[in-house]
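In what follows, chain A forms one complex with chain B and a second complex with chain C.
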Partner chain A sequence: MADKVLMKGNEAIAEAALIAGCRHYFGYPITPQTEIAAYMAKRMPKIGGTFLQAESEIAAINMVYGVSSTGKRVMTSSASPGMSLKTEGLSYLAGADLPALVVNVQRGGPGLGGIQPSQSDYFHATKCGGHGDYHMIVLAPASVQEMADLTIKGFEMADQYRMTSMILADGTMGQMMEPVEIKNVETKTFEKPWATTGTEMKRPKNVVNSLYLEPSELEKMNIARFEKYKSIEENEVMYEEFMMDDAEIVLVAYGLSSRVSRNAIIAAREKGIKAGMIRPITLWPFPKAIINKRAEQAKAMISVELSMGQMMQDVQLAANGKCPVYLCNRVGGMIFAPEEVLAKIEEANAGGVK
Partner chain B sequence: MKTANILLAGFGGQGILFAGKFLAYSGLYEEKEISWLPSYGPEMRGGTSNCSVIISDSPVGSPIVNNPDVLLVMNMPSLDKFENAVVPGGKIFVDSTLIERKVQRDDVEVFYVPATKMAADAGVPTLANMILVGKIIKETAIVSFDNMDGVLKKVVSARKPELLELNKKALDAGYNF
Partner chain C sequence: MGAINYKRVTLLAGHYGSGKTNLAVNLALEMAEKFPVVIGDLDIVNPYYRTKDSKEVFEKAGIELIASPYANTNLDIPAIPAEFYRITNDKSTHAILDVGGDDQGAVALGRYVPSLLEENDFDMLFVANFRRPLTPTAQDALEVMREIEAACGLKFTGIINNTNLGKETTAETVLSSMEECEKLSTLSHLPIVRTGVVVNLADELAGKVPEILPLKLQPKIF
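Our next item is the complex of A and B:
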């Protein structure tokens, strides 16, 4: 069993963050992600880091803003209702071009909703719930190993592009244990000449700010930011294909939904149906090009998601009318059994979904 | 492709999650693919607890066990809730000290083990869960019983070495029941 240990997804995120050099965590407890905070509370004091339970989610995200301004790697985590509270801060981080890692272990909504797994914050993450024109890099792990690996990757991308990386997981991914190998990797670090670290009278002062009262200046900032986003869309798309070579029924699913879809595809293949899957690993940037290409060979695509067709819209845009796109979903904390996904595959294969 | 879908259920405090973790580590020890998923929902807050464990020769898809091949129940509500979910030909392990009724299905194999009483008699009252795990391993051969010492070292806290021996004793008692 070499170096593999069993860890909860939440714990894997926390340990990976420490390996990535994060020494500042601010959060507020909420099910189903509290293990992240608990892990940080235990470890940070031992390694000279800061764990702080803020008085609210809003306070926590603004503490992230403060630490990030100094150029340090910093993170916060929450679950859906808490993420709504953090949303103002996400917009400010974007407006100030600050890197941060933000984890959302989703539960059912809207409102207080429930505490069971969900993927219904897809719009919030990928379209960005805060005000103004901005994006976040959105990473969707589908295993405990990926919870760790994408956390490290998320910190690197955040620093490289000076923006928020969001880990968009769900209650199942956070609570489940799987074997994981936390490699003690050298993480990529980036120069931060913009950080407010004190001038020592040797350079002009740095200012971190998102206020631009001169509209032409604000427009210039927005356009420059979107040029950066364009290069991310060109260079950073990540996805995985499963049984796609000859697939006619193409599932698009991320996170837990992709795990259930995997079982359904294997069962469909046993019945002679050529099913396959594109699993987005980055939800923003969304893997549009591969979906558009695969739509040419597809009889139909099915967006398999724990939300009311939020991701389906992106699949439809990417497929661009080349094939019909159907929805297979459960919400509110309910999770489809593989048989339910299989039934949808069979309907699509037979010519249409009821 | 061999896969065991295991569901363990009982009251909080009976060691259901630990039993699941032990089975998962047993699979990991043999370099199998495994997943472990606890219930963390409202039912847990009402006092019952369950967890899904999958041990497989191929990568695990969904970590949720809806229809177990192996069901362990340590209280009556769990038997009521999950009896009909077991696949035909599956195996149900019942703590017969705590569950008085019999399993009503005739298309499954049932093993009644008075684990809570055995544990109390043996002076290890908190280890009824591990007695049942011993019995599960005996009757299903999902993992090899030869590796138990090594697995226990992975699971039992290094600060409590005295628990190794007690857990082994409980596993043996179940295996030989």
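Our next item is the complex of A and C:
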């Protein structure tokens, strides 16, 4: 068992990627995720890996496409505006059924926005901003330890399902320092008979491509892909419940928002309000079933997010009218204090939110 | 603490995330009990977690802060205000300089080196945390030390051991780092001048580590 070290969230992602066997990183610097690239630049040359600062985000994601085609574990990372640039590549990865780990350490938007933390790329990640019918696995860490653990898990799920896993963090999660235990775990690996590794004249050639000349073929691929997505929705949902046994005011929050919510819930309990939280760890697949079940015991649900009510829509769909769903949010790089969340809990408990 | 001989200017540099800013804040508060103090934020690398976060604490203690007007804003630009020259030119105040991490951060210091050398009343202290992932050993820390010296053109004069594990820091965390820190001291021929210790461990560690600087941490809301 390794000693704990004090790491930034961004560094934890980078180190965990190396433990997962990733030896190819392509990226382009942007605040607040640049430490991932900086860490890779220092470590990759020492362990025989490739760190490459591409000429742009678009170039980097297409390098990911290339390496993934050969069956190697590969990643890129960026922050919100950079993720917009990568979005074409995300659609191509999906269309070619290629595994990849993509990290988005979100900052305020839209446009150039700002460099302070935000969660406003929820739609981009969970509804998929690129063209075509596709999904990505979206993982939302809420501690530096989870930044590491979910990175390893993300690589494994990407390989297992041949698709992109996205780590959806935010500037504060990327920059904050916490003690971490980086375990030298045996990472699960998967056979990749589809990889373009050379036929050696022993097998038919593999082609990695997202172009289909026959529409009927393309339809078949899309339907098959959605069968796969269905099985992921059935088997891979992850969430954590906090003080939910008797909760009447149910907060739904992920990442940084869940940390503030936790403190607000403890304060609400001290005031005699039965508050609790469902923390989605996978944002896609979204924990619909547990939210639907808990909506039965809830007086109200509150979507606590650093965006303008993006996740709130998924909470409403999951609650399906069984209880009112309110929004508690800050945006533009601002973070709510626990007192602000507590005020919303109190309002909801008193019978409604202004 | 009476034995500590503060030079007029104290520079804090070291590897990325070693705790320089937090040390700078606490050192400024300690020094402000004796002299007028100016604290300068020379971090051109990291736009998060800045000296400016402690603005109100400084105001209360009568400490002057010179920082980029863009610190903690959305303008991600490495800027240093012209007012920064006061640190070298106005010799009536003591000054603490919070230098950015690693060699990249130390580049900005170069501009002030001729004046610092001419006055020759400064300490440049290497802040070490042996629980950071890229500097677990004295050899790793020495490498960073040499890179910083090459980048800014100044030599370190001492070491602050700031080994910690954030909120999980125990007395053992600090004590177990002493061996590497002493190795670094031997390799670099520099004294360990202070030990940064979170305030609630200060009594437990008193007398067991060099010159404790008790650290109050910035409150967190999450």
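Here, the second predicted complex is superposed on the first by the 352 of 354 C-alpha atoms of A that agree within 3 Å, B and C clash if a C-alpha of one lies under 4 Å from a C-alpha of the other, contacts with A are read in each partner's own complex, and residues count from 1 in each chain.
Criterion: contacts are C-beta pairs under 8 Å (C-beta built on N, C-alpha and C of every residue); 3 or more make two chains touch, one makes a residue touch a chain.
Here the structure is a predicted model, which is why all the values come from computation and not from measurement.
Of the two partner chains placed by the overlay, only chain B lies in contact with A:I266; chain C stays clear of it.
After overlaying the two complexes on the shared chain, residue contacts for A:M238 are found with neither chain B nor chain C.
By the touch criterion defined above, A:M7 reaches chain C but does not reach chain B. In the superposition on chain A, A:A96 contacts neither chain B nor chain C.
Between chain B and chain C, the partner in contact with more residues of chain A is C.
Of the two partner chains, chain C is the only one touched by A:G113; chain B is not.
Counting contacts as defined above, chain A residues 4, 6, 31-32, 114-116, 171-172, 175, 177-179, 256, 259-260, 263, 333, 335, 337-338 meet chain B in one complex and chain C in the other. Against chain B, in their complex, chain A makes its touches with residues 1, 4, 6, 31-32, 114-116, 171-172, 175-179, 256, 259-263, 266, 333, 335, 337-338. Every residue of chain A that touches chain C in the complex is listed here, in rising order: 3-8, 11, 15, 31-32, 35, 38-39, 42-43, 108, 113-116, 171-172, 175, 177-179, 182, 256, 259-260, 263, 333, 335, 337-338. Interface residues of chain B, counted against chain A in their complex, comprise 21, 24-25, 28-29, 31, 34-38, 40-42, 59-64, 66, 154. In the complex of the two chains, the chain C residues touching chain A come out as 16-17, 46-49, 73-74, 76, 129, 131-134, 136, 164-168, 221-222.
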